[in-house]
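Two complexes follow with subunit A in common, the first pairing it with subunit B and the second with subunit C.
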Partner chain A sequence: MIDFVNYFINGALVGLLYALIAMGFVVIYRASKVFNFAQGELVVFGGFIVWWMVASLGLPLSIGLPLAFVAAALFGLLVERVFFSRLAGESVFAMVMVTIGLLILIRGLILVLFGPQVRSFPIIFPLQPVIIGEILIPRSLLIGGVITVIVGFGLSWFFNRTRAGLRMTAVAEDHQVALLMGISVKRSIAFAWILGAVLSTLGAVIFLSGKSLNFLASDIGLAALPVALLAGFEAIAGVLLAGLIVGIIQGLVTAYLDPIVGGAIGTVFPFIIMLLILFIRPTGMFGWKTIERV
Partner chain B sequence: MTILKNIKIAGVAAALGLLTITASARAETTYNVASLADFTGPYADVMKDLIGARRPVIDWWNAEVGKKIGIKLGIKDYDHRYDAAQVASLWPGIKAELNPIIALGVGGPDVAALQGRLPTDKIPMVMSTAAYGFAWKPDPWIFNQRPTYSHEAAAFFEWLRQKRGGSGPLKVAIISSEASPAYVDQHKGVQRYAADNPGKVEVVEVVFTEVQPTDLTTQVNRVTRKGAEVIMIMTNTAAVVATKRALQSLGKNVPIVVSSHNGLAESGRAIGDIKQMEGDYEVYAMAAPTDAKTPGREFFEMLQSKYNLKAKWTVSAVQGLGQALIAMRAIEAAAKKVGADKVTGEAVREALMSTTISADETYKILGNTKFSNDGPFPTQGLVASIVTIKDGKYTEAAANVPVPSINKW
Partner chain C sequence: MDPAGVFATSFERDKALIRTRGQWIALIVFLVALAVLPHVLGPRLVAISTNMLIMAVVVIGLQINMGYAGQINLGQAAFMGVGAYATGALAIKFNLPFWLSIPLGGCAAAVFGFIFGLSAVRIKGFYLALTTIAAQTLFHFLILNLPQSWFGGSNGLTLEPAQIFGFSFVSETSIYYLCLGVTALMVFGAYGIVRSRHGRAFVAVCDDDVASGLMGINVVRTKAIAFLIGAFYAGIAGALWAYYVRFVAVDQFTLFHSIWFIAMVIVGGLGSITGALIGVFVIKAIQESFVTLGPGIVAQFPSLGGDVVFALMNVFLGGIIAAFLIFEPRGLMHRWNILKRSYRLWPFPY
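Now for the complex of A and B:
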C-alpha cells in the first residue's frame, strides 16, 4: 500500500512538472493559435542560459537566476520579432511550419553556443527528499509542484480577470476581431512568446535541478504534449488537472505494468489515454468549443 | 660551356626525379574509408575524441605502412545523428561518392540499418563499441572489436562477486531504456546470463527509464530495498546522473557499473565532479585510458606529436584507436593476400576472418583479435579492463579479467 502512495504522489508531482511545460504551449497557442513544436527546445535553451549564468560564469543563484529569466524573456521577444511579427495575418499552417524550423534552429544554436557536452546543471533545490514515515517525496518536484500550482492559478487569473489578459484572450479568439477592437495583436503575441520562454526556463530549473543537461533534454516537450492536448490548448488551469491525470497514470503504469510487460509501457500510456479522450472530446477537457455559422 | 653542361645535367636530373615521383605515384593505389559519426545526436559529446582518434591513425598508416606497400587511404566523415533512418538514407550516397573498402561505424543504428545491406554491397564495417545480441549471427560483415555489452558486464559481475566473497549470487539491478534496441539488448543478455548461472548473478529488477534527465528516487529506493549490490547502467550519462542523485538523496552507497560510452569520466563531468563517482566502476574489453605508460598510451602520444592528434586520452579515443587499427591491419593483410592494387571490400572482410590481429599490432589496446564465422565479435581469449574512482582518481581496478561465455539470447 505504501508503495502505491509513493508512486501516486511521485506521479502527481511529475505530472505537475509536465503541466508547467504544457503551460508554455498553451500561453503561445492562446495568443497566436500556433502550436509551438519548439517548446522542448525553449526549455533546453532556458536551461542552458541558467547553466551559463550560474555554473559557467559563476554568478550566485540570487543574481544568476533572475538574470537568466530576463535573458529568456529577451530571447522570447527576439523569436517573436524575427519570425512571427512578420507572419501576422498569415495562415496558421505557415506559422506552425516556422516553429518546426525554429526547433531545428534552436537545437543547432545550442550545439554551436554551448557544445554537445553533457553539462552539470546547478543544484537549485536541495537533493534530500522529504520523508514522511515511509513516504518519500523528491524535494525539487515537491517545490516545483507548489510553484506550478501558484503559476497556473496566477496565469488563469491574469487571462480571465485582468485587462491585459482579456486583451490576449480576445486575440486568441480571433485576430481580425481583436484588431477591429483596437487591440494590438502583435504586442499580445510578443507578450505570449516572452511568457512562453520564461515558463520554459522555470520548467528547466525545476526539471533539471541537480541533474545533467544537454540538447537532448528537449524530449520533455514531447512528454508534456499529452497534458496540453488533454486539457485543451486554451485552458491554463485545466492543464494542472490534466498534468495530474497524466502523471499519476504514468507513475502507476510504470510501477505496476512495466515489470509485467518487460518494457517501458509507462511512457506510451499517457498518449493512449490522450487519444481515447480526444476521440470523445476533440477540443480536450477544457478547450474552447468553436461554433461556426455557415 | 660549363654552364650549359650544368643546365643539361640539372635538366636530366629533374626529369629523372619527376619520372621517379610519377612512377611511385602510379604504384600507390588509393582506397577510401567511410567514417560514420554522430556529431549532433546522443553521443555528440564523445564524438570529438572518437573521430579525432580515427583520422591520425590513417595518416600514420599512410605514412609508415601504406607507403611501403603502395596504398594510400582517404577518409571522410558522415554525421548520421545516431539515427538508423539517417544511416539508411546516407549509405547509398556514401557508396556512390567514396566506393569504400571498409566503413567505421559508431553504434546500434549503423548495425540496424546496414547489417542486411553490407553483404550485398560487399563492404565490411568495423565498430568501436561492444557487440549486440541482435546482430550475433554467423557470416558477419560487421565486426566488433569487443564482445557484447552483456559479456563485458558478466565479466565484471564475476570479478565483483569474487571480490565480495561468499557463496550467494550477486544481486544486480539494471537501469535500462527502450530508446534504443541496443539498450534492451544489454539487459536481455545479462538476464540470459543470470538465468543460466543462478548461483552467480540474480537480476533483482530492470528499471525502464528515459535517456533524458529524470528523477529515479522511487525506483532506486525500490531496487535497494530488494537488496541490489550493484546497479548496471549502460544507456547514457543522464541515466547515471539520475541514479547517482537518487542514491545520494537516499543516503545509499550501492556501486554503479557503466560502460565505455557513458564512462566514469563522462558521467563524472555530467554530475559536476568525478569524485562523486567514488567507488563506481566501468568495464570494457579493451585497454583503459589511465595514466600508466602503456604501449597504447605511447602510440597515442606519438600520434599527438607527429600526426596532429587533437583528441584527449579518453575511453572514446581508445575506442577510436582500436577500431581504426583493426581496420588498418585488415587492409594490410588483404593487400598481402591479393596485392595492393586489387584490394576490395570483400578481400578486406576475408582478411578479417582469416587473420589473427595480435595485441602488439594494436599496441595492446585490444587483446589478440581473431574473428570467425560464428558471429561479429571474437569469442575466444577475451579479457576485460575494470576501472574505478579511488580517492578521487581514475584508477584501474583490474586488468585481463576473463570474459565468460554467454548463450545466445
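Now for the complex of A and C:
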C-alpha cells in the first residue's frame, strides 16, 4: 500500500513537471497557433545556459540563475527576430515547419557550443528527499510542483484576464485582423517565444537539478506533448490537471506493468494515451471547440 | 508552359509527361548516365548513389503524402522501418525471394500507414501530424518489446543477400542496379499516381478539404489513401535498405530520419515529384560533403572534437529548412520553373 502511495505521489509530481514543459508549448500555441516541435530542444538549451552560467563560469546561484533566465529570454527573442518575425502573415504550416527546422538547428547549436559530453547539472535544490512517514518525495520535484502550480494559475490569469494576454489570443486567431485592430503581431509573437524559452529553462532547472545533462534530455519535450493534448492546446490551467493525470497513470504503469511486459511501457504509455485522446476527443479536456465556417 | 511551337492537339498529348524532343533526349541521357555511373565512379560514390536512390523512394512517398495531399507526416522513417523489418522477417523466416519480399514489405508498411491515415476520420491538420509522431514511438516500442524471435528485438535482423537464379546481389554495383531498377519503377508510378484521379483528389483536399468534400471527393478516404501510398513507398525503400545494408535495427529509423526526409521535400519543393528527387540529391550531397570534409574541419578546430561535424551538419540542415521556408517556400523546383519560363519567353518579359 505504501508503495502505491509512493508511486502515486511521485507520478503526480513528474506529471506536474511535464505540465510545466507543456505550458511552454501551450503558451506559444495560444499566442501564435504554432505547434512548437522544438520544445524539448528549448528545454535542453535552457539547461545548458544554466549549466554554463553556474557550473562553467562559476557564478553563484543567486546571480547565475537569474542571468540564465535573462539569457534564455534573449534567446527566445532572437529566435523570433530571426525566424518568426519574417513569417508574420504566412501560413501556420510554414511556421510549424520552421519549428521542425529549429529542432535540428538548436540541437546542432548545443553540440557546437557545449559539446556532446554528459555534463553534471548544478544542484539547485537540495538533494535529500522529503520524508513523511514512509513516503519518499524528491525535493526538486516537490518544489518544482509548487512552482508549476503557481506559474500555471498565474499564466492562466494573464491569458484570460489581462489585455496583453487577450491581445495574444487575437493574434493567434488571425494576423491580419489583429493588425487591423491595432495589435502588434510581431510583439505578441516575440513575447510568446520569450515566455516559452523562459518556461523551458524553468522546466530544465526543475527537471535536471542534480542530474546529468546532455542533448538527449530533449526527449522530455515529446513526453510533454500528450499532456498538452489531453488538456487541450488552449487551456493553460488545464495543463496542470492533465499533467497530474498523465503523470500518475505513467507512474503506476511503470511500477506495475513494466515487470510484466518487460520494460519501457512507461515511456510509451503517454503516447498511447495521446492516440486515444486524438481519436476520442481531439480538443482535449478544456480545449476550445472551434466552429468552422465555410 | 510549353516552349513556342509545341501545341497539344489531343488529350493524350496534353497530359503527356514528356512534351518535347529535347526532354526525351535529356531523359535518355540521364538514364544512360545513371546506368553507366557505377563503372565511372569509385565504390564510395556508388554507395552514396545507392543511398540516394533508396532515399528518393521514401521522399517521393512523403511528397505524395505531404506535398500533394497536404498531410504532414512525421513518421515516414517508422513506415520505412516497418517495411524493412517485414521484408527482413519474411526473407529470414519464410525464405521468400526478394522479388516477393520487397513488395510484401511495402504492403506491410502501407497497412501500418493506412491505420494512422484512418485517424483522419476524427482529426485533421497538425493533430494528424501528432498521430504520426505516436507512430514513430509505437514502432520503436513494438520492435524492441515484441518477442525476440519475431523481429530480433534490440539485436536487429541480419539478412542474406538477395538472390535470383543463383546470382546474389552482394557487390556494391549489383545492389546499385537493383535499387536503380526499383526506384525507376517507383518514380514512374509516382508520376502516374499524381496525374490520375487520385492525384487530383489529393491536390483538391490539400487546397481546401471542405470545398473538395462538397465537390464529391471522399475526403477521409483520400487522406487515408495518401497515407497508404506514402507508406507503401516508404516500405519499398525500407525493403531495399534491408537488402542493401543486410542489417536492420531500430535506430536506423528514428524521428530524426523523418525530419531529414521532410527537409528534402521542403528544399526540393512541395508538390513536385521531380522536386523530391532534387531535394534528395541536394541534401544528401551536402550531408556527404560534410562527412568528407569532416576530418579537415576537425583538424581546424581540434578543441571541438569529432562530433563537431555531426553538429555542424545539424546547424546547417536546420538553417536550410528555415531559410527555404522563409525565402523560397516552394523550393528549388519553383526556382527552376521560373528560370525555365523566362528562358522560354525570352526576349519578352512575360
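Here is the rule we go by: the second predicted complex is superposed on the first by the 294 of 294 C-alpha atoms of A that agree within 3 Å, B and C clash if a C-alpha of one lies under 4 Å from a C-alpha of the other, contacts with A are read in each partner's own complex, and residues count from 1 in each chain.
Heads up, the rule we're going with is that contacts are C-beta pairs under 8 Å (C-beta built on N, C-alpha and C of every residue); 3 or more make two chains touch, one makes a residue touch a chain.
Fair warning: this is a prediction, and the values are worked out from it, not measured in the lab.
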{"item": "Fit-or-clash call for subunit B and subunit C when the two complexes are aligned on subunit A", "value": "clash"}
{"item": "Partner chain in contact with A:Gly101 - subunit B first, subunit C second, else both or neither", "value": "second"}
{"item": "A:Phe158 touches, of subunit B and subunit C: first, second, both or neither?", "value": "neither"}
{"item": "First, second, both or neither for A:Met274, with subunit B first and subunit C second", "value": "second"}
{"item": "Partner chain in contact with A:Ser140 - subunit B first, subunit C second, else both or neither", "value": "first"}
{"item": "Subunit B versus subunit C as contact partner of A:Phe207, first or second or both or neither", "value": "first"}
{"item": "Partner chain in contact with A:Leu225 - subunit B first, subunit C second, else both or neither", "value": "second"}
{"item": "Partner chain(s) touched by A:Leu111 [first = subunit B, second = subunit C, both, neither]", "value": "both"}
{"item": "Touched partner set for A:Phe35, first subunit B, second subunit C, both or neither", "value": "second"}
{"item": "Segment of subunit C intruding into subunit B (one of 27-35, 63-71, 135-143 or 153-161)", "value": "153-161"}
{"item": "Subunit C-contacting residues of subunit A that also contact subunit B", "value": "107-108, 111, 115-116, 262-264, 267"}
{"item": "Of all residues in subunit A, those that touch subunit C in their complex", "value": "35, 83, 86-87, 90, 92-94, 96-98, 100-112, 115-116, 222, 225, 229, 261-265, 267-268, 271-272, 274-275, 278-279, 282, 292, 294"}
{"item": "Residue ranges of subunit C touching subunit A (in the complex, touch as defined)", "value": "72, 74, 119, 122-123, 126-127, 129-131, 133-134, 137-138, 141, 144-145, 210-211, 255-256, 259, 262-263, 266, 304-305, 307-308, 310-322, 325-326, 329"}
{"item": "Subunit A-facing residues of subunit B, complex", "value": "39-40, 42, 44-45, 47, 177-178, 184, 205-206, 208-215, 217-218, 221-222, 237-238, 241-242, 245, 248-250, 266, 269-273"}
{"item": "Sites on subunit A touched by subunit B in the complex", "value": "3, 6-7, 10, 14, 107-108, 111, 115-121, 127-129, 136, 138-141, 207-208, 210-217, 219-220, 223, 254-255, 258-259, 262-264, 266-267"}
